[in-house]
């Protein structure tokens, strides 16, 4: 099985972090291909950044389909372009890491908290929790206020502190890390706080594997059918899809 | 007051239809500026089209802010890029026509139905109804299955038929038209079905006016603060914003 | 356009405050007619007061229809008698200021708080947030514990303090003032707290204008059809409606 | 125990029907006092009627408190004035028949349908189902389209037909009768359809008894404290309450 | 009327406490039969305990049906086996004390808090609040952290303290006691905190009485029809039911 | 990795069907151990059956923990005893097949339908959809009305017919099979209806694998801590757990 992990942030070092996290979680017979789009913002920290990351993500999904990928993980906690990507993917699973992390958290216990980078992204996290059905299970979205590209050991301590804070609240059984750049923090923070700490990249790899092995394709009819062919103008002309 | 109405579909004739609808609904002292982005798909009929319309929409919002617009209407029923646009708009209202149409429908009665173009867009309409708080008030999303650029008199008859069908169901008090290209259908269909039929473009103009006159800016802090400056690569490099 | 603004509290000085707020928000070609019912409690601070304000409100709606009003704003944050008024109004918009304020807040950002007079009215505010679809967007209802007829500069400071408190909580983008008697506080408090502060009277005027200009009548069939004629007894005999 | 059953409709014959239903359901040591207000509409078939029934209901609640009633049942399916009545009742239970009927239906099975008089009242029934927490349990509101004062044996057949229709739908375990005037239909319709058919008057009597015997007063603080004394003008002057 | 109150905890002294609470709340013509199952855990303090209490509860329900009981109260706040018991009860009401307590709290005011024994049972309380429709009315579940069989006067003080704490929060009008072992605390704690404090056993007795007197059987078709006869193996063989 | 798949129905032939489905979906390095409890009903077709299956399931979970299982799948669509099992499992994932099937369906598209055996089990399916967050995504629960132990080729045709019926409804993207006995139908029915058809057993295996590989244990604190040791009486004495 070949899983393409797309880093919507166009920062190669972050892609490498993500790749290591994905490989560590993959089954022995799964090939992880971590890629960085050729256009888009260096990091995603708001709705604007996310919107402009989407064309690059879609290009990578189209390329992945051509090159034989069996499924896709979108490694940004806003799950940018996920529905659009599904129209391109022809039934191959496309899972965002917010979606993946929240699903595993829902399986791991009753309630979870998200610990993320900047507070300005919390609104998007709540929107996704709503859309995925987890408004009641997601109890808090806490921010360490460290920008995506500055995540380091100091930030990891802040994340652990916020995780502890959330776990002392009633009903929070696990922590979902709110940024792909936190992929390698999960194990250490989990040991430190004594509760499940979930990296969405690892979760996404496992969920794509689960779908493929269970013979469950993603929907590819109606809403998720291939985009209708049409004229594009301007910088985006290259995006025209054929029937 | 100057309201910029942006047609996310890059089809000039559709922009002209939208402009006429907006002008008809505007107060005497409101100037309507209807614009077509220079990049993006000719029409929007799914998540992929919508995602690729967003960069063009954002360019027009940035230009509108520079040129003194007091508020924006996004004239596509998927409200593409609305949250991202708000980060650029510095407190000027940015209202999508799905949001506007659903808000007026919520004020006009207990329940409403959306009558739209292609059935594949219904999922997006439901997502927006959810996000805006109107899941319980939106009772049905019906599709005439006419593509956006083929809307004509025949389609108008189909829309009227679907509207009548919806009005016979319990609790539907009004109809929201699910495409900016239907802007000029509202009056005739309303007469034909004997109930409120709401064009989101007219609704959006009125709601921007209401906010500006009531002295209610949009939020421009936290989630909706100006995007953080950062490096962009590829075709989207031109989108870099300054502090 | 003629908009009748009805003050359900039978206090003329309060009606004058409301009138000034409404006029300030109206379009140049809109005529504001602010009226005080001839029966009912001097102020509304609970369910009992509100229930007994309704007959006076309905009398004013009936009179407004006869005298050519194009729409109505009910200037009490409990939106008293709104559904009953709609049965009388024959498709003319009837909007309460809680409804109006919450709708504009929903357009202005993700979440809002209500700042009101007495804490005992908070339950009604929550009921209305629920009914209008804004349970998730309304995050707090805070009370300054100043009675309606005692609102003054000191109360305005308390309101500003509560507004600041609410804005420091996660996700509150704007403040909705919870009493018509606070109409003139909005501008100053907004400047002081640096965020949108919404007066429902101004919001209501703008929303009635938006509906009328967009050609969107309120529902007037079924649930909102004219009341069935019937016999009344006692003090309420004068209310009998003809077919 | 003395339970005052107030018929918000000012029709004495209907009060007698209600009284018989209440007596049949009461415990041997409970005294039923069924009363008709001295003001208000002959029957309640919409929001306007309901609003104008409230002053008469409140007068009867005040009188009942003075005369030693232990609790109140409001015998109209719109539960008119219930919150206002609670402010007067000083902790004595006040239960509307929609509330009572829906509570017993929620105890009797998974889902229920309401069968009511006129379709124009369905919106109110849904509002109440929402407010009481039973939106998911209330599956349908069906109307026989017989006015309240015309309910007779023919209407009973229509009610039975609608009940049967609802019971064939997935998940409906019981029927709630949507009008106090249907009180005496419950037993026969239940036998005919082979499922629980619930009269709200009987249900309300049982629930007031349950609260009193279990030593559970209604709330009488904060929102439900006695109304604040204030000036009333016009026909409603008599309603002024003292501290 | 004969009501069988089943204590799912197999501790006879607790059954006696429950019996006294039930008798005190019952109407004069109601016979209370409090029983202890012959198998199961001594006390119920988690999902595992609850699951293993169910076979004993079901045995008692079957016995009660044979011996002429008119209805059942399940006196453990997890309402263990309630749906299964209803399949056996042939239309006789079966009400759990969480269900009963929450229903009376919903009738007594706007919001309530549950005060329970161990914090580990709070998740079950929330699940039941959800299932019964009271997620919005249940504001808090607080635990005194005293095990079920250690409840005494000291625990009662802790419960009163938690009740006071909850009542100072916005919107909590009453307290629901979260354990059958607290049955006799209700009156004293209510006096101490000055608000309704609800014992589910008393509430359950009243609700069974209300259903029986109102002629409202529980559902006994479809989902709640008698269990299909089948083969059982192992220790549970004795549970086989006949057609 | 060793996954124990427990068939709560005590029918060995059904366990064999389940085992084959689980093995087919497992990764190459996963060992599947399918077991049949030594007590309980032959098949589960209602709340009563399910309640009596739980003790046998818990025995198998305890045994699995002792014997080194890494996770558990409960192969009955009512997910019987799942919360209780988690208290025993010490952080090892325990996933029911309703939970698993619904989670994969939520990842596969916008909406799904459940196709199950007997209609009387639909209520439980809805309860689980609610509890897992999928009330809005689960659109229909359809029953073929074939008992669990009679599932065969004819039933498979009925299931395919119901699946087709559901897929023609708006918004249903996939089908979740509502019984472990349908495990081997998924592939053929999927081919026949041209959409994802999900077997919960395969889904459950994949989700346990995803959790284990991603290093995400289940919660094992608070609500999910080991049961408190206590005395058991009667047939259930053997269930006493040590500290």
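Lettered A, B, C, D, E and F in written order, each chain numbered from 1.
By definition in this document, contacts are C-beta pairs under 8 Å (C-beta built on N, C-alpha and C of every residue); 3 or more make two chains touch, one makes a residue touch a chain.
Everything quoted here is computed from the prediction, not taken from an experiment.
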#### Entry: Required minimum of steps from chain A to chain F, each step between chains that touch
1
### Query
With residue numbers as the basis of comparison, which of the pairs C-D, D-E or A-C duplicates the interface of A-F in over half of its contact pairs?
D-E
## Note on the structure
Top of the farthest list for chain D, CA-centroid basis, is A
### Query
Is it true that over half of the residue numbers where chain E touches chain F are used by both copies, so same, or is it different?
same
## Note on the structure
The chain whose C-alpha centroid lies farthest from that of chain E is chain B
### Query
How many Å are there between the centre of chain B and the centre of chain F, using C-alpha atoms for each centre?
44
### Message
Can you work out the whole-Å distance between the CA centroids of chain A and chain B?
### Response
29
### Query
Which chain B residues reach two or more other chains?
110, 119, 122-123, 130, 135-136, 222-223
### Message
Please list each pair of chains that are touching.
### Response
A-B, A-C, A-E, A-F, B-C, B-D, B-F, C-D, C-E, D-E, D-F, E-F
## Note on the structure
Listed in rising order, the residues of chain B that touch chain A in the complex are 10, 37-43, 45-52, 54-56, 58, 81, 83-84, 86-88, 119-124, 127, 130-131, 147, 222-223, 225, 227-228, 230-239, 241
### Message
Touching residues of chain C toward chain A in the complex: what are they?
### Response
110, 136, 170-171
### Task
Show which residues of chain B lie in contact with chain F when the two form their complex.
119, 122-123, 126, 130, 135, 141
### Query
Okay, in this complex, where on chain E does chain D touch?
25-29, 93, 95, 99, 103-104, 106-110, 132-137, 173-174, 186-187, 190, 194-196, 198-199, 202-203, 205-207, 209-211, 213-219, 221-224
